[in-house]
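Scrolling down, you'll hit the structures one after another.
Shared between the two complexes below is subunit A, which has subunit B as its partner in the first and subunit C in the second.
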Partner chain A sequence: MTKARALKKTLPLFMLAIPGLLYFLINSYLPMFGVFIAFKDVNYAKGIFGSDWIGFDNFTFLFQTKDAWIMTRNTLLYNLVFIALGTVFSIMIAIFMAELLKKVYAKLFMSGLILPNLISMVVLSMLVFAFLNADSGFVNKSILAPLGLPEISWYTESKYWPYILVFIQIWKTAGYGSIVYFASIAGIDKSIYEAAKIDGAGKIRQIRTITLPLLKPTVIILVLMSLGRIFNSDFGLFYQVPMNSGALYSTTQTIDTYVYRALMQLNDIGMSAAAGLYQSIVGFALVVIVNAIVRKVSPENALF
Partner chain B sequence: MKTKKGLTLGILVMVVFSLILSACGSNNNSSSSNKVDEKAVDEIVFAMPTFNAIPEDLSKVTEAINAITVDKIGVKVDFKLYGPADYAQKVNLALQSGDKMDVFTTLGQFTNYVSKNQLYPIEDLLAEHGKELIEIVEKDFGPDFLKATTIGGHTYGVPVNKGMSLPISFVYNADMLKEIGKTSDDITSIEDLPAIFEAIKQKFPDVVPFGPINVNPSDTGLINYIKGTSKIDFLTDTSGIGVVVDGDGQVVNLYETDAFIDGVKMMNAWFNNGYLQKDAATTTITSTELMASDRLFSYMGGYGGMEAASSISAQTGKNIEMKRIAPFYFDTNAVNSVSWLVSSTTKVPEAAVKFLNLLYTDQQLINTILYGIEGEDFIKVDEHHVKFPDGKNANTVSYTAMLSTGIVGSESIQYQFEGINWSDVELKLKENKETERSPYFGFIFDPSPVKTQISAVTNVVNQYLPGLVTGALDPETIIPKFVQALKDAGAEAIIQSKQDQLNAWIAEQQ
Partner chain C sequence: MIQTRGERAFVIFSAIMMVLFTLLAFLPFVLIVVASITEESSLIRNGYSFIPTQISFDSYLYLEASLHTFIRAYGVSFLVTVLGTAVGLLITSMLAYPMSRRDFKYHNVLAFVVFFTMLFNGGVVPSYIMWTQFFNVKDTIWALIVPNLLANGFNVLLVRNYFKNNVPLEIIESAQIDGASELRTFFKIMLPLSVPVMVTVGLFMGLAYWNDWINALYYISKPQYYGIQNLLVQLMNNIQYLNSGQANVVLGAEAVDMPSTSVRMAMAVLGIVPVLFVLPLTQKYLTRGVVIGAVKG
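So, the complex of A and B:
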């Protein structure tokens, strides 16, 4: 009877989940069948199954040059910065919005902050180009020139791009990322705040001792999930926004752009499968490791 | 309880089914295309890239094509048209997923298709069913035409039959040239250009004297210029790692040759003198766009025939002229980069080759494919020329693929658009035969033994080359870095592999 009751309770929920589960099944689980292609020398006359096994040869191109270090470093560091700063800014935005007295304003600002997330990277790259291009860019002509500073050739100076890319990424995603935190804050029992107020706690104190600790589980889950994709990068951000400028490769090359540029001419599905598998395995390992650490430190917050 | 469970399960099943059905619903009308009587008629899929808008309904043109092919060779054609950006992707997807795809073209990927065994060897079938084809290509180009797509005795495709010789031309705004008091006679070689650029810069301070012909990645035409003047054979690999200079048999790295270093130094001097825009290496604005808005005086590029300037003039709305400043040099890649191929997965190779034969030799078929239905989509003006029906243009006729003239069939039997001088086609065919050929014409490099190294050097070339050919980077400091980075990426292995294959090929020719 208890089993039947449990089933009765979970079935509708399960049905709600079906579209999502189907999506994962079709887009994430079925393609996994193809991982063996990463170990094959694909030959169309022999077919995918008949092609020769070549062990790890397909993976070597990823580690062929000094670029291997640069692109791995870039991918990891950018993602770490995106995760860290993104979380901080998202939480800040969420707290500010929650503290706004008039909910109309909160909704208005929220929509405004989410808007950048809807802009395609290609369009965004043109916006950035309008700011930074050498001949008529806003930054060179309207900011640096009036100040008497020398003009900067943005698309050939790689040292500025870590800041530019981080700025763009945060501007684009922080507002959207704050939605989940905003919802969590809204779910916090108001009576806790009232009790704190009676005890004489100010706004800052309330945020530090109530809001932030109660947000911890949400933060851990979201960070864990983003760690799984730490070896992947937003292709549009790293390829379109720097205008594919060769001079910027030292700070804009990531694993995804490297694979794209390397295989654009070869069209070798074995090698691209190898790159994808490599990224997934590292991401998977990271999630497992970090989750293990979380389980050690605070078991109730671990994902699994 | 039980009935309720059954009910929920029923709903569940319904939800799943409706999801699946709604996903399928959108494409269930694409399979029922025109049905002709199917008695002993082989069916092939023929995919062509078009640079015009893709019409929604291809059935009329497909019917017109089939009327010709079923009647003449008993082959029914499923005609597919894709834009240039997704053509390769669509074809590759069809080949990889096992969809039917019989006759298609390369857009510069010939060797890759061969090394992955995606092509059907057609030498025997061509000898049997392609006599007319062989006749016309030998008449228009020369007896060595099919060498460009033949590897180890197997012919894997037929290059498009057109004016292949693209001598390097200096393309400029004639009105501006007149204003600085010069004429086209003052331009005879690349050495004459700096004086002209300087005068342009003085007279029109807002105009950039010289710009890249292609952007993203930027290309100033310098590599092509060096190729023509120094007779460089790229050995079918555009990366430039492993080329032969002037037929001396030694495979070397292009980026270490004097020709390249001198060329880049010249470009760097131009850049430092302000003859190119500051962001020439990264700009995304095309040269024609800049020319149309009077911001650019000139660029350099390879053009066949003498009529190209008039089409650029029409495109930009300016008075554009061009002057040849360097010859062209035939290596294999110059000829096979656009070739028509038969897929190795084809079930009907004979029908595919019969169709290829007709594609190169049948005036009615090729012009139907290019211009559509006579009277509706185009009107004949004279023997060689057509125009749009009154009141129509390229965007309002129901079908045209007129911009694909350079990538399909034989140019010598295609109609030209009204206003283009027919003698230009004859000139192009004459130059086909007269342009100097590399002694290694017909050598095709198989990249598969060194594909790891090729993927790595491709990245290095992308990183350094645009900055060097636009003169934006200082050659003194950057070229050594560039060469070192190429070595680290495995350039030597590629050069060695090419040298071995080239030696074997030379031995085979004797």
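So, the complex of A and C:
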């Protein structure tokens, strides 16, 4: 093939890729070059490029504050609990769903369970507000009051929020998360169960010795992949659902909410950029480490 | 297949558990629907409840009073969702197509360029400064469409995998021997053969646009550009403000205009309605997307 012919073959394909490629270059790659902002004392009068270099000062300041510890701790702990409980509940739902004999029912239940994952965090925050607001919320008015318990001002008491947020996250994601496990269970050869039954294994035993072991590879991969994102949090869950309440920061501040608040509310570009870069770099390292582990465990599932 | 008694018991137990889980997933929605049709004073007196004490459709009628704001926000959301999804789907699939062609010299280079964006990002600050200072998207409709939402690596790779695994290269080659150009091959052969993945990715994108409120949080300060989600955010902030006590000081005529609790809930209900319409579709297509996405191709 001559060079001209090769070009004639390559060029049209390349042209098709250009709009998308351009978008990724602007939206994803240009900001990567902007990480230098974290090392500057940004002064709009001097412009981004003209501002003074200050080395690691932003990071030094950031890690001297209590915020750095709180947001890191919250981000990591919430994610760990989300991964653990989310996996357990998703598998449970998938196992129950696989037992339903009529497919129509399974589909109906599935729709109901997916719905929480399709609504926005804003609507979700309103659902939560209907339950928790101090004056007319369902929990205070219809649960605590009839029991003779004192009302609780949910949006100012930080100690309850770890439980509330975990509950909300599981409520939102468990049904959706069960889809993958349901598909895996559906793919298990039925004759294995038949053989186990002939050997006298009851249902619980079949689940313990057949279903769960066969789900193990899927679980390992999904858990590892979520561990790679353990430094990221769902901004809406930690910002809008607690109604941006200052009294709750100790249990609701994550790296993502800190980055937003520092940038948009405190106008502290330096701190925000430093926290953002901290998140990106640790996050990147985590993905690389996790991928190395996945490649050991099951090479065909490795990302790269 | 004969069922033992133990097995039958487990099937019944599973069914009961599924009913419980589904109820648990569903009841919060019932609570806000009921709140939206409850008489305001009764809502304040008795609190939110699953059984409406005094039914009143005032909140939905009230929406008519603030119809202008509401319709505008709904319109913004629809426009952004339709435009964003259409353009996003087009550039996503156009990029995925060369990546799926093993006979294209640079398919791996493209794949890496896309894939790397899933591993590392420059963070919020550089991207915020870029969109506001260099592209001036602040308080324009573009702020709701372009930053972050137009295309993402996950979707591109999803489409690439589908193209690669479901449309044999022989079909493409034979079309081109017959004289079809790449553009023609893409639109007349690749896309029609890939409707399922297009629907899946279209749903992902559509839901992301409809539910997005974060872009507006960063880039929009003028309420006329608020979509339905940000209108809801604004209304919720007003509640906060009223509860904070500061309101007493400055409350004037404005307070009278402030929509009541049941109106807010009515708006939330109307914000979910379009999602309910696509729910039957999601059943089939999102499931497929999740499964394909989890298994690397």
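Here, the second predicted complex is superposed on the first by the 208 of 304 C-alpha atoms of A that agree within 3 Å, B and C clash if a C-alpha of one lies under 4 Å from a C-alpha of the other, contacts with A are read in each partner's own complex, and residues count from 1 in each chain.
Rule of thumb we're sticking to: a contact is a pair of C-beta atoms (placed from the backbone, for glycine too) under 8 Å apart; a residue touches a chain by one contact, two chains touch by 3 or more.
These numbers were taken from a predicted model, which means no experiment stands behind them.
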Which superposed partner A:277 touches (first subunit B, second subunit C, both, neither):
second
Per residue count on subunit A, the busier partner among subunit B and subunit C is C
A:149 contacts which: subunit B (first), subunit C (second), both, neither?
neither
Between subunit B (first) and subunit C (second), which does A:129 come into contact with in this model arrangement: first, second, both, or neither?
both
Answer with first, second, both or neither: which of subunit B and subunit C does A:32 touch in the superposed model?
second
With the two complexes superposed on chain A, say which partner A:67 touches: subunit B (first), subunit C (second), both, or neither.
first
Is A:24 contacted by the first partner subunit B, the second partner subunit C, both or neither?
second
After superposition on the shared chain, which partner residues are touched by A:243: those of subunit B (first), subunit C (second), both, or neither?
both
In the superposed arrangement, does A:54 touch subunit B (first), subunit C (second), both or neither?
neither
First (subunit B), second (subunit C), both or neither touched by A:264:
both
Overlapping contact positions on subunit A, where the subunit C interface meets the subunit B interface:
12, 15, 19, 129, 133-135, 243-244, 263-264, 269
Could you pull out which subunit C residues touch subunit A in their complex?
1, 4, 6-7, 9-11, 14-15, 17-19, 21-22, 24-26, 28-29, 31-32, 35, 43-44, 46-49, 90-92, 94-99, 101, 104-106, 110, 113-115, 117, 119-130, 133, 146-148, 150-151, 153, 156, 181-183, 186, 207, 210-214, 217-218, 229-230, 232-233, 236, 239-240, 243, 261, 264-265, 268, 271-272, 275-276, 278-280, 282-283, 286-287, 290-291, 294-296
Please output the residues of subunit B touching subunit A within their complex, sorted ascending.
1, 4-5, 8, 11-12, 15-16, 19, 88, 92, 95-96, 109, 112, 116-118, 216-217, 238-239, 277-279, 281-284, 344-345, 447, 451-456, 458-460, 462-467, 472-473, 485, 488-490
In the complex formed with subunit B, which residues of subunit A make contact?
4, 7-8, 11-12, 15, 18-19, 22, 42-46, 57, 60-61, 64-67, 129, 133-135, 153, 155-156, 243-247, 249, 253, 258, 261-269, 271
Given the complex with subunit C, which residues does subunit A contribute to the contact?
6, 10, 12-17, 19-21, 23-24, 26-35, 37-38, 48, 92-93, 95-97, 99-101, 105, 107, 109-116, 118-123, 125-127, 129-131, 133-138, 140-142, 171, 175-176, 179-180, 183, 194, 197, 202-204, 218, 221-222, 235-236, 240, 243-244, 259-260, 263-264, 269, 272-273, 276-277, 279-280, 283-284, 287-288, 300-304
